[in-house]
Each structure stands twice: as C-alpha cells, then as structure tokens.
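Next come two complexes, and both contain subunit A; in the first it sits with subunit B, in the second with subunit C.
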Partner chain A sequence: MNKTHKVITTKQIETRFSIIRTLLAVAIALVFAFFLMATVSDNILKDFTTLLIGPLASSSRMTTVISKMIPLLFTGVAVALVYSAGQINIAAEGAFFAGAVAATVVALIEGIPAPIHIILTLLAGAITGAIVMGIPAIMHVKYNVVTIVSALMMNYVALYGGLYVILNPLRDPSAGFEASFSFQRSAILPTLFGNNRLHIGLLIGFAVVILSSILLYNRPFGYEIRTVGQNQKFANYSGISVNKTIVLTSLLSGAIAGMGGTVETLGNYSRFVYSGFTNHGWDGIMLAVLCRNNPKAIPFAALFLAYIKTSADALNLTSSIPPEIISVIQAIIIIFIAAERFLANWEHKKIVANSQRALAIEKGE
Partner chain B sequence: MGNEKVFDNVKIGDDILSMENITKIYGNGFVANKNVNFTVRKGEIHGLVGENGAGKTTLMKVLFGQEIPEEGRILLAGKEVNISSPLAALEYGIGMVHQHFMLVESLSVAENMVLGSEPVKGITFDYEEAVRRSTEVSKKFDLEVNPKAKIRDLSVGYKQRVEILKMLLHGAQILLLDEPTAVLTPQETKELFVQLKQLREKGFSIVFISHKLNEVKDICDRITVLRNGESVTTADVASVSEQDISRMMVGRDVLLNIEKEKANPGKTVLSVSNLSYKNKFGLYSFKDLSFDIRSGEILGVAGVEGNGQSELANVLAGLYEIEDGDIKVDGTSIKGMTVRQIREKGMAIIHEDRMTYGASATQSIAENIISDRFYKSEYKKKGFINWKDIVSKSKELIKDFSIKADGHDAEVRTLSGGNIQKVVAAREFTSSPKVLIACQPTRGIDVGAAELIRKKMIALRDKEDTATLLFSADLAELLNTSDEIIVMYGGKITAYFPDVSVINEEILGEYMLGLKTQSREEIGGVVHE
Partner chain C sequence: MLDYIFSLEFIFAVIRMGTPILFVGMAAVIGAKADILCIAYEGMMLFAALGGVIGSAYSQNLAVGAIVGLLAGLVIAAIFAYFVLYLDTKPLLTGLALNTLGTGGTVYVVYLLTGMKLDTSSLASLRFPTIHIPVIKDIPVIGSIISGHNLLSYVAFIMVIVVWYLVFKTRLGLRIRAVGEDPAAAASVGINVRRTKFIALLISGLIASMGGLFMSMGYMPYFTNNMTAGRGFIGIAAQNLGRGNPIITMIYTLIFGASMAIGNTAQSFRLPSQFASMMPYLITLIGLVVIGARNKKNERRLHESISRKSKV
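Our next item is the complex of A and B:
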C-alpha cells in the first residue's frame, strides 16, 4: 500500500481541519491586525511585536496572563456545561456578578476563622450564582419562557440588585470612591508561589475544569446533560427527565460562575470595586463556543484570551494604538474560528478524495 | 415552454434521459453513488429499486438538482444539461413528488398548484386565473381535483394527486415518484396505478421508487437495481421475478415471507381499558379503546395513518399523559408513571419517528444504545459510566444486528435509514421487554434490514415471551408477522381478527377505509380477561 496516500477516517480529516481552521483564523486575523494597526501606529514593527509577544516580555506580564485566565476558567466551564444541555442560558455574566456581591457580604462578617470563612464565601457565591442561572431555567421548564430572553434580563436584575446592596448598606463612606467596606483578612484568598497576584483561585479553577469534564463524559448525569442537549425528544423517550436535567445543569453552571465571581473578587481586591458588568460571563460564552462546549479545552482557550487581553494592555501602555483596535482583532479571530463553513469546500474535497482512495483500494483488493 | 420541443423530437421508446457515471460523495465522506448509470425511455414507467442506503434517493436528488454530483453527466434527449437546482430541473421538464408532500396545508389546491409561477393581476395574486389553470390541467390529464378545496381537508391519496398535477402544470415530462405508495391504502394504490398508466400512454416518463416488489412487478416496464451505491443491473420487468429482484438488491436470497411457528400465548401482559385521548384541539384522537395482549403473541394494528394509532403509541410509551381510561402492565397501572418507570416495568418502544425520537443523530452508536439503561448498575463502575464495558457490548450488538458503520463511535447521522433503525432495534430488543410497542418498525428501510427486524421480533415472542403491539402501514408485513390483527378507523377499533390466516389485504382495506365495521361482540374478543 502506498504510504503517502494512506486512507484515514472522515473523523480524522474533520479533526485535522478544525486545527487548521483555528490556526488559519488566527493567522488571518493577525494579518488583518497588522494592516489595521499600520494605519494608526507610529512604529508598526515595534507595536506588532508587542501584540505578538508583549505578554512574554516580563514575568510581571506573564503573571498578568495567568491572573486574567483564572475567572475565565470558571465562566468558560459554566457556559460550556449549560450549552451542553442545549440551553442558551446567557446569565453567567449576572451569576458571576451576583456571586461576587454575595461573597462580599459574607467576607465582611467578622470573627470567622480563615479556612471556614473562605469556604463560606465560596458557598455564598455558588448559591447566589445558582439562583441567577436557575431562575431562567425554571421559568423555561414551568412556563415555557424563552431562556435567552429571561437570562439576558436576569443579568440586569443581578447587576442592579447587586449594585444596590453594595452602594447602600455596604458602601464605605470613608473610601474615596464607590466601594464596599474592606473584606475581613480571613476571607482573602491565600496567594500562590509567594506572588500576590496569583491566588488559590487558579487551583480551584483547574479543579472545576477537571471535575466538570469527568462529570460530562464519565458520569451518568453528564450523559443525561449531553443527551438532552443533542435531542430532547430522544432523551424524553429514553426515560431521561429532561426538565430535571435542564434545571440541575443550570443551577450547577450558575454555581460555578458564582464561584468565579467569588475568587476573582477575594483573590485580587480588598473591597468590592465593580460598578458595572465585568464581561467575564460574556467571555465565557465565547470560550464555550470556541471549545465546542468541551470543558477540557477551556484552559487553552482561556489562556489564549487572557494572552490577547494582556497584549492589549501592553499596547495601551507602550503605544498610541487605541484599545478598541485590539477588541476588533479579538472579534475577527473569534468570527473565523466560529465560522463552521470556513474552508468547508476544501474540507469536502479532501473527504471526497479520501473516500475515492478508499474505494480504489477496496476495488484493488 | 421551449423544452417541450426537445421532448417531442424523441420517439416513444427511445432514451430520453440518461445519467452517466454519477458519483456523489456527501460531506461526511459517505459515498452515496458510485459511477451509477441510469437511463429512462420516453413513455415508460421505470422502477428504481434497492435497499435503503443503496443511493436511490440520492440519485433522484441529483436528477432534481437538490444535490450536485462530484462526477458524471446528465443527458436530456442526447444533450448534456447542468441541473443546478430544483427550479432548473423543472425548466428541463423534470418534476419530483416527494414521499412527504411539499404542500401548504392552509392553502387551496389551486394556490398550491401554481406555487412558484403564480399568476398576477397588477400586483396582486390572480386567484381566478390559478383556479382556471388548475382546472385546465386537471381536465387535460383526466385527474379530477377541486381547485378550491383546502389541502388540509384532503385525504392522502388526493394530496398525492395534487402533487402530481402540480408537477404537470409546471411542464414536467419526466416524473420522479419517491415511494408514492408508502402512505396509500390498497384501494388508493390501485387508483394511482391507473393514473400513472394513463400518463404513460400520453408519452410521459415516470421513475417509480419503491420497496414493494409486487408493485414494481405490477406497474413498471423496466427496473434498475441499485446496491451499495452502484447500479447493479437494468432489466425488463417481464424477465425477472420478485425473488430475482430481491436477490439483486440484497446480494443474497431473502425470505420475503418469514417462517414462524404458531403463537403460544400465555396470560395477559398489556391491558388497555376504555382508553381515550384528546388532541390539542380538543378532538378525540381515539376513544374508549379496550384490548389485551398476551405474552408470546404479536397483535397487529392496521389502519390508514391518522386514525389514532400514532397517539395510541405515544400514550402507551408514556410520552402523552393518560387522560381517560387505564393501561396496565402485568396488572399494575402505569397511569402517572414517568417514561423511565414505564420502561422499568418492561416496556420497549420503537417510535415511528426514528430520527426525532428513536435516535440521537449527533451521538455515537454506543451512546444511542445505552440511552435507556446507562444509569443501571451493570453499566456503572463506582458511580462512573463503564465505557469500556459499554463499548464491548455495543460492538457485540453491532455485529448481532449487522449494523453497517465505521465503528461503535460513528455518529448515527452518518448511517443509512435501515442501519439507524437497526441501532434503535439493538436498544429496544435487548432490554428484555415484556411489552414491545413497534411503530412502523420497517418503514422506509430495505428488505434486508426489514427481514432482520421482523425475525428479531418473532424471536422475542418465542424466546422471551414478549407481548408485541405492531403498528404497520405495510399490510403484507402485518399479515406476515402478526398473530392477531385489529383495525383502527376514526379512533376506534372496528375489527378484530383472531386468525390472520383467513384474511387478506383486501379485507383489511375495507375496514381501514371505514366501509365495514364488525359487531361489538366480535371486536370485544380482543379483551381476553
């Protein structure tokens, strides 16, 4: 048999193409970015280098990349889970925010010893997040409310409800800006490797990734989630309780997003400082789409996104390029990767050629 | 229409259309047609037969412009043509009648017929002109329709007539009929055949796709057999027998009639009493049904589609709630039970809609096979799904049910219809069912797969004493597989035949059309206790 023309399965071709598609999307986006930057930059070569390898220039920036990645692990997994169940529940943003608020409330309580205090804040964040994402799910299964709309609205309930709590009973009038009272020391997350910008949220985040991946692919409940997500009618006919699966998955997703809000707040700040959406939930949607709802891929995508965000910050500091340009580049990359039909004709030709080779071999034998 | 001339130049009996070396490969790498050659003569009815997945539908889609082939060419009256869309196909005089009618239910016959070339008066639709055109074409071809009737009020056979007329109105000279008799009663089929023969006399060419070999023998002049995407042969129908055709289709001898022992029924397992169901419009889909099935017997349900069978199956499966009446399995009522509880009582269901309910297209064969049992202890190891075990069990079932696929991890969407149904059967038949609800288990699948499924059904009856309720539109299958038959008409049981050997399709047809009804006492015989 001719080794250079080995016959492979269609699945292998599809995998190969999803990798090519991703790399090519990044490449095209970068070319695009180059020309876009050239129109506004004084020193395009220097600035483009910053875009490409800026985050690697110092250990401080590398720390920033990791630090930015942590909350994305939570929101990425949260959205991937709920999307796996076929629910376009986009309330992760609100769950993240509400989780941070609830954690703040608990973090202000005095006199709880450190490890217990941290666990309580995480619990508070998880429960609040679960409520935020759970409500649209319950409304959907009980009253057939369209999830995407109710979830979108839920984000605003979480945002303004949370801000009300922070800016009224919890506001510290002695702070020079709109912020809560300072957290108790016992609630602040311990740091990692003696670096005060890396906290144990990183470890919790990886644990969430691993556990949800096992849940989704190796536990009966995960099978139920995926089956409901692929075909609800089939799931129902097979004896899976569709409504229960949808509600439980949404609660779990919300809990993960809420924990994300908790670690982001208690790991990086000494008070609650947000005055609007943090965008982590929206980023989570993007990550889930890029990873096709597979939690295992979330760390890679989160690292990539954190990397571009750090590049953007670096460019912002060292050049005259407006940060909006970076957002444009980011968007282009996502659009190309998410475009399933991108390169589809080429892929189809490859598959056809492969099938024809398989036929020829079959005939030859 | 310019191409009518092209057709006029061809003499009756000469090749009017030929497809040469057609190769079609789908996006998932599946080779649906391999160098297929296919010719149609003017004024003939040409049967296109083959197992499901043999490539018949794909070939017709290529001809109708719905799929673009990778290789090959199409000649119309000797000239190469490029058929890039269904509109182009119609321009060339090729029309297709799909198995599932492409009609707008809420519109009238005339409005449906002119769809795509609507007459206008100023800027508004000219209804009178549409009616006039419809009447004209109806008269011309001697196919009677009422242009002002609404499609939703018409019977299946009538709708099909509208579809055929619609194609003729658009100038079709070659008609492609995709399994036209699958939804018809024997009487309606006869009527259709008369109409098709009339069209043949007028010089039209008809491609007739069917699984029913007796019909092919009955009406076609020539046949082309496809197997595994290749054209095996083209022959004069007169020169081949049904057995020959099935051998060419499957590549081996097939038992058209399954041999089975007489049933040896035990005690009642499924008991339905005074069951009624109202649809969402508040109308009764079926009313006051009572029947029993005993262990080790197959009760067939005959009936024209839409007489309550589908709703009955869904209620039995637990997908629709029991509103009125009761269903007992082994003496326990299943009222209010979840689907899982009902299945745990020993119920298995082959749903009539296999792509929506029966299988999950984007999941693997193994994942489809375990959907009703993944949570049970024998499929778990310390709370985790035991994939290793599941994969090896799936491989066994793939072999046992001769499922043709890339492997246990092949997504179900990549399989052919017959193989998808085998996946469904591999799940439902292996749950040790006490009761099996089989809805149209062999509809639209090839003779080989159908034979396997019928044999397995009878094996369940004999080896596991399963009580089976078999819904089928294929009367030959019903008569061949069932031990007893009931007929449903208008949501009621109108006949009960405890002995299948004394009846035939004609007798069933009369009850199915509501021309006859048995007495209460006769029907009551189906309640055994």
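Our next item is the complex of A and C:
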C-alpha cells in the first residue's frame, strides 16, 4: 500500500487510444500532405505553414472557418444519429441538397413576416430532408432493400429533382447564370455580431448538437437507437420496435440535414446557386467517424474540418497548390481512424499490463 | 422520341453508356460473391482512367497505357482490401475514403503533370480503337448493330461470360462463393479466407479499372475532373438488382445505359434534362422495391408452407 500505482480502467485506456489514433491519423495525413505539396510547391515551407496556420492569419479567415463550420454541424450530427442506429444511410448529401431547394421554394413566397418566414423555411427544409432520408429507411424495413444502394440512388433523385425545380419554374433568366430568383428579404437569416458572414444558423446548429446529444445519451429513445445500432436481435428481444426506431431515427437525421441545407443557403446567399452536390453530406460521414457517432464531439471535428478547408482556400490563393489536397488529407484521416486494428496490438498490451497490475495490487491487499 | 429509341443511333448510345456500368456491375458481382461491400469502384475507375491517359500519352503505346491504368486501379483495390481485411476497417468508410482520394488525388496529379486543373486534353493520350468485325459488318441490320463499337465495349460483354465462368465454374470461384457465404465453414475446410477475399477484390478492382479506362480512352478522349460521375455506384445498384447474377446484372446495366442515353438527348425532345438524368436512379429505386417486395412474398409463402407442414 505504500506504493500507489495508479490503476486506470480499461475504458480509460480505450478512450486514450482513440485519441492517440485520431491524432496519429491527422499526423500521418499531414506528413502525406507535406510530401504531396512538395511536388508542386515552389516554397514548401511557406505553403505548409499556410496549411497549418493560414486560417489564423486574419480575422476574415477566422470568420470563414466559423462560417464553413455551420453546415457541418448539421450534417455531422445527422450522420452521427443515423449511424448510431447502425444504418449506413448516406442520403444526408441528398437531404442537405433537397432541404436547400425546399427552403428556396418557401423563401420566394412574398409577404410573410420575417420570423415566421424563417421558421417556415426551416420547416420546409426539415420535412424535405426527412423524406429523402426516410425513404431508404422505409424501403429497408419494409422490403429489405440494402440501404446504402437505395440511399445513393436517393441522393441523385434529390439532386436532379431539386435542380429541375430550381432551373425550370424557379429560374431567374435575368441572373446571368443558372440560379433561382432572389430570396425575399424576410427569409434571409439574421446575422450575428454584425458580421455578415456569420448568421443565426450557428446558434441553431449548436442547439441541434446539444439536443441530439441529450436525446442520444439521456433519453429512452436514444438508448433504443444505440441498442438497435449495436445489436438488433437484442433490441428486438428487449421489446424495442427495431423498425420503428430505424425509420424515426432516419427521419430525424434527414430533418437535421435538411435544416443544414436551409441554413447554409439562406444564411450565405441571396439566391439558390448550387449546380451539383455540395459534399456536406459526405463531410458529415467523416465527422461522424471522427467523433465515433457522438454528437457532443461534432463541433470540434467540424471546426477542424472547416479549418483545413479554409487552409486549402488560402493555399489556392497564395500558391499553385490545388485545393483538392484537402480530399487527400480527408481520405487518409478517415481510413486510419476507421482502421480498427491500427495500433490495436499496442492497445491490447496496455490493457493486459494494466489489468495485471490491478490484479497484483488486489492480491497485495 | 420513339423514332429515336428504335434507331441504330440509340443502340450505339446504350452500349456506349452501358459499357462502364457493365464493367462495374461485373466487378460488383465478384465483390458481392465474396460478401464484401465495396463502394470504392468510383475511386478505382478514376485512378485507372487517369493512369491510362498518362501511360499512353508518355509512351504513345496503347498497351502501356492500359497496363498503367489497370495498375493504378489495382493499387486502390489493394489498399481497400488491405485496410478492410487486415486492419478491420469498415468497408463503407474505406470505400468512402478512397472515393474521396480518387476525386481529389486525380485532380492533383493532373495539375502536377499539365499545370491545369480541369482536364488532360493537353496530353496526347491514345484511345482504344473502334472495331469493325470483318464478315459480320456486312450483314444488313445485325452487322451495323454488332459491329463498329469501341474495343472495350466488346471486352465488357465478354467479361460477363468470363465472370460467370469464373464464379460458377472454377475452383477459385467456388472458393470465393464459399468465403462469401460462410467464412467459418470455408475456413474449416482449409480455405484461407482473407487471401481468397483479397484475390476476389483484386479481380474485382481489375474489372472496374477497365471501366475507368473506357471513360478516358473511349467514351472521352481525355481525363476530366470526376468524370465517372457516380457510375461506380450505379454499377453496384445494377449488381444489387441482379442479385449477383452476371447475366441479369448485365440486363440492368443496359437499362441504365438506355435511360442515360435518353437523358442525353432529352433536351432535343423538349424534356427537361434534369428529369431525364433522374430516370436511371428513380428506376433503380422502384426496381429495388419491386424485387424486395417479391422476395418478401416468396419468403412468406415459404414460411407458411413450412409451418403448415410442421402442423401436419
């Protein structure tokens, strides 16, 4: 008893290792990025510095980081929720896009007072997003359709269906490019801190993060979601309606992604401008992986992703490096964090050593 | 519009549009037989498409281009297989990561080589030739349907037979199906499960890479940013609709090819092009529901007949 060896639980070791793995994945990705950039760059040190701390260089860039983070909060939480239920529903991309389209439709209606108009656009985005993600879920529980395939197809249906609406009945021929009519002023989101690039979507995003985190970890329904995600048979035997949980979670997740599309469109633009996928849904998958489906961690991961995206934009302006470097970094990070056996041996050794020590102390007493 | 559908031009367009999807469909059949959900075909195709262009442009030799392209695609397949089989990475996430790498990484390489970010039209890359089959081309109607396609389109159709033969008639195919259906049982009779799945994924990657080659060396004369545009996914959907049967999968890839062909010409028929572009995906969704409903009904019937018998 005189020597107090600190004994930690296995769970603590696992947490520690998931952090180490995350940091190591980021480090490996950065090393790769360094060498890749060196092949193109004339001044690799300067460019690599831009990648690392570029976004901190000016307050305008820091605003960009926050502004890029807002939609990621939504899609990150959306994917984390649906993945918690074990559903590989990748229709968040389509839900985001369709949400933006639906919001545009509502935002063009004249004569609705501001606060109500904004609520209506959010509602429209949420409902449309829920439909886009709900259909693959319903197809899965009713007809046993593989979700990943139907969700992919749903993404394209949402994309082309949305573009049809925007570019035919809603197209503004005087815009000079392919875009919708201008939104009504009453539908445009109020800005924050007098900065016209930060909008109340940030607050809504954080509300979504907090509420879904409470739902998932402090409410019976959240417990049901996680149980279904871990073991459907067990969930079934313990009286949870698996199908209902899957469909409800997908609807909720789609609603969040759809609201993300709404907020991103009405917060940053004066008309609908997308001509293709925005990639926010795919980014959401990366965030959910980084956070191991825990909504609480999404803001940090979203901040990180928004940060490196801003770095890439800065690099694009100050050097000859194509911003696609970010996709390479993202790919490496995802793959190494998702690699279950990466560092697993080391982790096991630590856990074994730790339990042996715990046993020894127990015997000593 | 009906005139177009019954025209020779349309049949050519269907085959042209269907070729890359057919390759991916066959790749997905092998992946599905080994029970691996691989969505990385998009990434493999992009790297193969770029590799083919670079190889052929710098060597001015079609075979070298093809080999470089296939190797580029194979590298992606091997990375996928290694991470999924040896590092226990979730296949979906690995596929997602590699597709991201494909879209971003290829643009990077294009920029590195040409100084342009959009396409490789400045490189003098080669194309696969169009084949005019000697005797057949002179037969009226049939000759003009069968003859005159890109070399790789013929390879794609031959690939259907090759894949069918490989999966159902060879030792390797039997092993692939065994590890796919029940890895434990396969292992118990001495099959190396991981190695078999690895080989299956490499073969699958090779076939998908041919689809990539077709994109940049047949369908188009150069590589452009994200030129596969979801074809890797449509191929997977076709496999799904075909329930792993190469022949039925082929039929679905042609249906997709047809709806793409209609989509491409829709504007000349005053149909909104977005509507037409949406068709293949919508058809897939409906097809999945119809097939799912039928399977469910069959299953229920089976259950009923079993329970009836057990009562007696």
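One rule holds for everything that comes next: the second predicted complex is superposed on the first by the 360 of 365 C-alpha atoms of A that agree within 3 Å, B and C clash if a C-alpha of one lies under 4 Å from a C-alpha of the other, contacts with A are read in each partner's own complex, and residues count from 1 in each chain.
The definition used in the following text is that a residue touches a chain if its C-beta (ideal position, glycine included) is under 8 Å from a C-beta of that chain, and two chains touch if they have at least 3 such contacts.
In this text, all values refer to a predicted model and were calculated from it rather than measured experimentally.
*Asks:* Go through the superposed model and pick first if A:Asn195 touches only subunit B, second if only subunit C, both, or neither.
*Replies:* A:Asn195 contacts neither subunit B nor subunit C.
*Asks:* Examine A:Thr49 and indicate which partner it touches, taking first as subunit B and second as subunit C; both and neither are also allowed.
*Replies:* Once the two structures are laid over each other on A, A:Thr49 reaches no partner at all.
*Asks:* Is A:Tyr164 contacted by the first partner subunit B, the second partner subunit C, both or neither?
*Replies:* second
*Asks:* Report the partner of subunit A that touches more of its residues: subunit B or subunit C.
*Replies:* After superposing on chain A, more of subunit A is contacted by C.
*Asks:* After lining up the shared chain so the two structures overlap, which partner does A:Thr15 touch, if you call subunit B first and subunit C second: first, second, both or neither?
*Replies:* neither
*Asks:* Pick one for A:Pro322: touches subunit B only (first), subunit C only (second), both, or neither.
*Replies:* In the superposition, A:Pro322 touches subunit C alone.
*Asks:* Output the subunit A positions appearing in both contact lists, the one against subunit B and the one against subunit C.
*Replies:* On subunit A, the residues that contact subunit B in one structure and subunit C in the other are 344.
*Asks:* Where on subunit A is subunit C touching in the complex?
*Replies:* 36, 39-40, 88, 90, 135, 139, 142-146, 148-150, 152-154, 156-157, 160-161, 163-164, 167-168, 282, 285-286, 289, 322, 324-328, 330-332, 334-335, 338-342, 344
*Asks:* Name, in rising order, each residue of subunit B that touches subunit A in their complex.
*Replies:* On the subunit B side, the touching residues are 25, 27-31, 34, 70, 317, 319, 338-340, 342-343, 349, 351, 356-363, 367, 370-372, 374-375, 380, 383-385, 387, 406, 414.
*Asks:* Under the touch definition given earlier, write down the residues of subunit C that touch subunit A in their complex.
*Replies:* It comes out as residues 37, 39, 83, 86-90, 92-94, 96-98, 100-101, 103-105, 107-108, 111-112, 117, 230, 233, 236-237, 240, 272, 274-275, 277-278, 280-282, 284-285, 288-289, 292-293, 295-296.
*Asks:* Applying the document's contact rule, which stretches of subunit A touch subunit B when the two form their complex?
*Replies:* Residues 9-11, 13, 214, 218-220, 222-223, 226-227, 230-231, 233-241, 344, 347-348, 351-352, 354-356, 359 of subunit A touch subunit B in their complex.
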